[in-house]
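Next up: some structures, all given as structure tokens.
Two complexes come next, and they have one chain in common, subunit A, joined by subunit B in the first and subunit C in the second.
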Partner chain A sequence: MYEVIAFYLFSVLTIGLFLVTVMSKNVLYAMTSLASGMVLIAGFFFILGADFLGVVQLIVYVGAVMALYSFAMMFFDATKDIKEKNTSAALVFLLGGMSALVLVLIFAAPIHSETIQALYPMHEGVGNAQDVGIVLFTKYLVPFEVAAVMLLVAMIAGIILAGKKMDDSLTEDLDADDEIYIQLKDEK
Partner chain B sequence: METTLVQNLPEVTAAGVIIKAIIILAVISAIAGFGTFIERKVLAFMQRRLGPMHVGPHGILQLVADGIKLFTKEDIVPQNANPIIFKVAPVITAATAFIALAAVPVFPDFTIPNWIPLLGGVFVPSIAADVNIGILFVLGMMAAGLYGPLLAGMSQANKWGIIGSARTAIQFLSYEVVTGLSILAPIMLVGSLSFVDFNDYQAGGVGSWLIWQQPVAFVLFLIAGFAETNRTPFDLLEHEAEVVSGYATEYSGMRWGMFFIGEYANMITVSIIAAVVFLGGYSVEGIGWLTIILKVAFFFFLMLWVRASWPHIRPDQLMWLCWKVLMPIAVINIVITGIVMMV
Partner chain C sequence: MIGLSHYLIVSAIIFSIGLVGVLRRRNLLMLFFATEVMLNAVNIAFAAISHYYNDLTGQMFAFFIIAIAASEVAVGLGLLIVLYKKYGSLDLDDLANMKG
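And then the complex of A and B:
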């Protein structure tokens, strides 16, 4: 019974919050509602008994991805509304509607199939993390390693892009005191 | 792998969990309030001052005076601020701090005696939500806590606030890495993410504490814990001398008080994690629960001690420490732990 109540509560809240994310013109509202929607999605994992994935959702999406988004948002004035440039309402409607339709079809398809069963079912009495680990390091080892290599490539690229001026310190080369001293000298 | 506290315990009911949640809220808020008094007294004695002395014997009622001040202060929302987010931000800090406490063992479990009407016979568990990935849940919830200062700083239309929230983002994101990596080595040794399993692993007395096997991880976790709870020497978020009060610049009254309670609750959470993961935690028999309270109290005192002894550090030193010193050490520690376990 609790699961049903929690499921409907989380569903309504998640959809509502993501609607705010899409509809709002204010950066702060969009960001806050997206982050809280991510937290609520972790709630679905907990209802399904997938504790480990729920916590991973929390740490990765809420703790890391959204935090980086919001770091980028610091460059805007978060208290003002944004003027959006909508190119063509009809095109947006068509594309959005089509992707929504495709998504609904994809996720509704399993309703008509009775042969679907879990290939790697949960083991009784074994923790969530162990189950995920076993599947990850046997069946999905290659995608896992490829993902690791991709992350490594992204990290090296990031260091190269950002690292050109890494040795010049912003604080060490010229102290604030020296600057004032130079200014005073110029004025004389 | 069984992760229940003791095998023959009564079933945990919804009423028991609700009672537990109320106990945690009440006691931790009270401790947070009392913590401010302790902090001022300890700092004062370490700096050869007296601290609060006038309200009550040795200033013990200063706590009440502070409470009255917080509750009755005028509540100001700045003109150009975004009022909704401005009001939500302190709640995020306090709420995530308390949600994190749901998955850690706080106080022993007990059954309410039968002669109490209505609630008699209800079993109150020691962990409100005994998920078997407790440690990850607590770390994740503390990570979500960064939205409090972040949104507070961005919504208040104040330049100090923006700087404060930018510092929040970089500091919390960086030190999350160190916390996770440092605690990974003990997790590898124990082979579980449950606080109960950690406790059982170290049940053999002082000699079996994980701190002797993982001293490096312990020190790294403590340093990162200081940064994650925004304590000196890493309290750059509200560094008075540089950014007025950082993200909390425009807050007053109880909204500011909620940031404060959240910070103290986080200090207690980090202390409990350190005590359970590295210092043997609690034991169920006898005075076993007193030992974990002593350990938590020691870590709390350590935070005040460090605050009295060390100056702030610069933001660039903070980043240098995290990415060039702590993180490599944590990774090397994990590799060595793995090699030792395999050989």
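And then the complex of A and C:
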């Protein structure tokens, strides 16, 4: 019973919040609604019994990724609304609706769901974190190490890309902006 | 009772929201938000299938998706900062300089 209530509450709230993320003109609104939608998705994981995945979602997405976004917001001017020259809304909603239809058809297609065997079945009486740990460090050890190397590469790339000329501001200094503008004009 | 198809439908709806965002957004930061929405929708589907088939593989894939999303955000935001330093804007129409 509680599962049903939680499921419908979480799904309605998540869909609403992500709609705000996609439709909002203000970057701050979009980012806050994205963060809260991710917290609710962690709630989905807890309902589904994937405790460790839920905690990872909270730490990595809500903690690290959103903190990274909010740090990046300090470089861009977040207070003014974003002016976007939108492509025609009818076309976008036609394409989006068609892809949604394709998705529903894919999910509703007759799949061999009866013949699916669990590759790494969960064990009764063992916590989710232990189960995940055993499978992750035996069967998925090589992808795990590759993911670690990839995160290291991403960290180095982030430092090198963002770390240059950190001492001069991007939005406050109008002279620098003018200089960039003049450079742009000269290049053209 | 909530079945697998409920979760898959919610996941498909959220994925379509993200797709509409990718199609209609012109600002690069907002495009990043829309991709995050799509990645999260896929994670829900993986966790639900993992629960209803009593299989841990779905959760494993969700972990790797989270790792990939984290590194994508790190590199992508670095690139956005470089672009903003160079052009002073994150709008795709301003950045399009390869007009044929």
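Just so it is clear, the second predicted complex is superposed on the first by the 124 of 188 C-alpha atoms of A that agree within 3 Å, B and C clash if a C-alpha of one lies under 4 Å from a C-alpha of the other, contacts with A are read in each partner's own complex, and residues count from 1 in each chain.
FYI, a residue touches a chain if its C-beta (ideal position, glycine included) is under 8 Å from a C-beta of that chain, and two chains touch if they have at least 3 such contacts.
Since this is a predicted model, take the numbers as computed values, not measurements.
**Student:** More residues of subunit A in touch with subunit C or with subunit B?
**Tutor:** C
**Student:** Scan A:Asp51 for contacts with subunit B and subunit C and give back first, second, both or neither.
**Tutor:** In the superposition, A:Asp51 touches subunit B alone.
**Student:** If you stack the two complexes on chain A, which partner ends up touching A:Gly158: first (subunit B), second (subunit C), both, or neither?
**Tutor:** A:Gly158 sits against subunit C, while subunit B stays out of touch.
**Student:** Does the superposition put A:Asp131 against subunit B (first), subunit C (second), both, or neither?
**Tutor:** In the superposition, A:Asp131 contacts subunit C only.
**Student:** Would you check which partner chain A:Thr32 touches, where first means subunit B only, second means subunit C only, and both and neither mean what they say?
**Tutor:** A:Thr32 contacts subunit B only, not subunit C.
**Student:** According to the stated criteria, A:Ala64 is in contact with first (subunit B), second (subunit C), both, or neither; which is it?
**Tutor:** In the superposed model, A:Ala64 contacts both subunit B and subunit C.
**Student:** In the superposed view, which residues of subunit A touch subunit B and also subunit C?
**Tutor:** On subunit A, the overlap between the subunit B and subunit C contacts is residues 52, 56, 64, 68, 71, 170.
**Student:** Using the touch definition up top, name the residues of subunit B that touch subunit A in the complex.
**Tutor:** Counting only subunit B, the residues touching subunit A are 1-3, 14, 80-82, 84-85, 88, 131-133, 136-137, 139-141, 143-144, 146-147, 150-151, 154-155, 157, 162, 165-166, 169-170, 172-173, 176, 192-194, 314, 316.
**Student:** Please name which positions on subunit C make contact with subunit A in the complex.
**Tutor:** Going by the criterion above, the answer is residues 1-2, 5-10, 12-21, 23-27, 29-30, 32-34, 36-37, 40, 43-44, 47-48, 50-51, 53-57, 59-60, 62-64, 66-75, 77-82, 84-88, 90-91, 93.
**Student:** Okay, in this complex, where on subunit A does subunit C touch?
**Tutor:** Going by the criterion above, the answer is residues 3-4, 7, 11, 14-15, 18-19, 21-22, 27, 30-31, 34, 37-38, 41, 44-45, 48-50, 52-53, 56-57, 60-61, 64-65, 68-69, 71-72, 75-76, 82-87, 89, 92-93, 95-97, 99-100, 103-104, 107, 116, 118-122, 131-132, 135-136, 139-140, 143, 147, 150-151, 153-155, 157-162, 164-165, 170, 177, 180-181, 184.
**Student:** Which stretch or stretches of subunit A touch subunit B in the complex?
**Tutor:** Those in contact with subunit B are residues 2, 26, 28-29, 32, 35, 39, 46, 51-52, 55-56, 58-59, 62-64, 67-68, 70-71, 73-74, 78-79, 125-130, 169-171.
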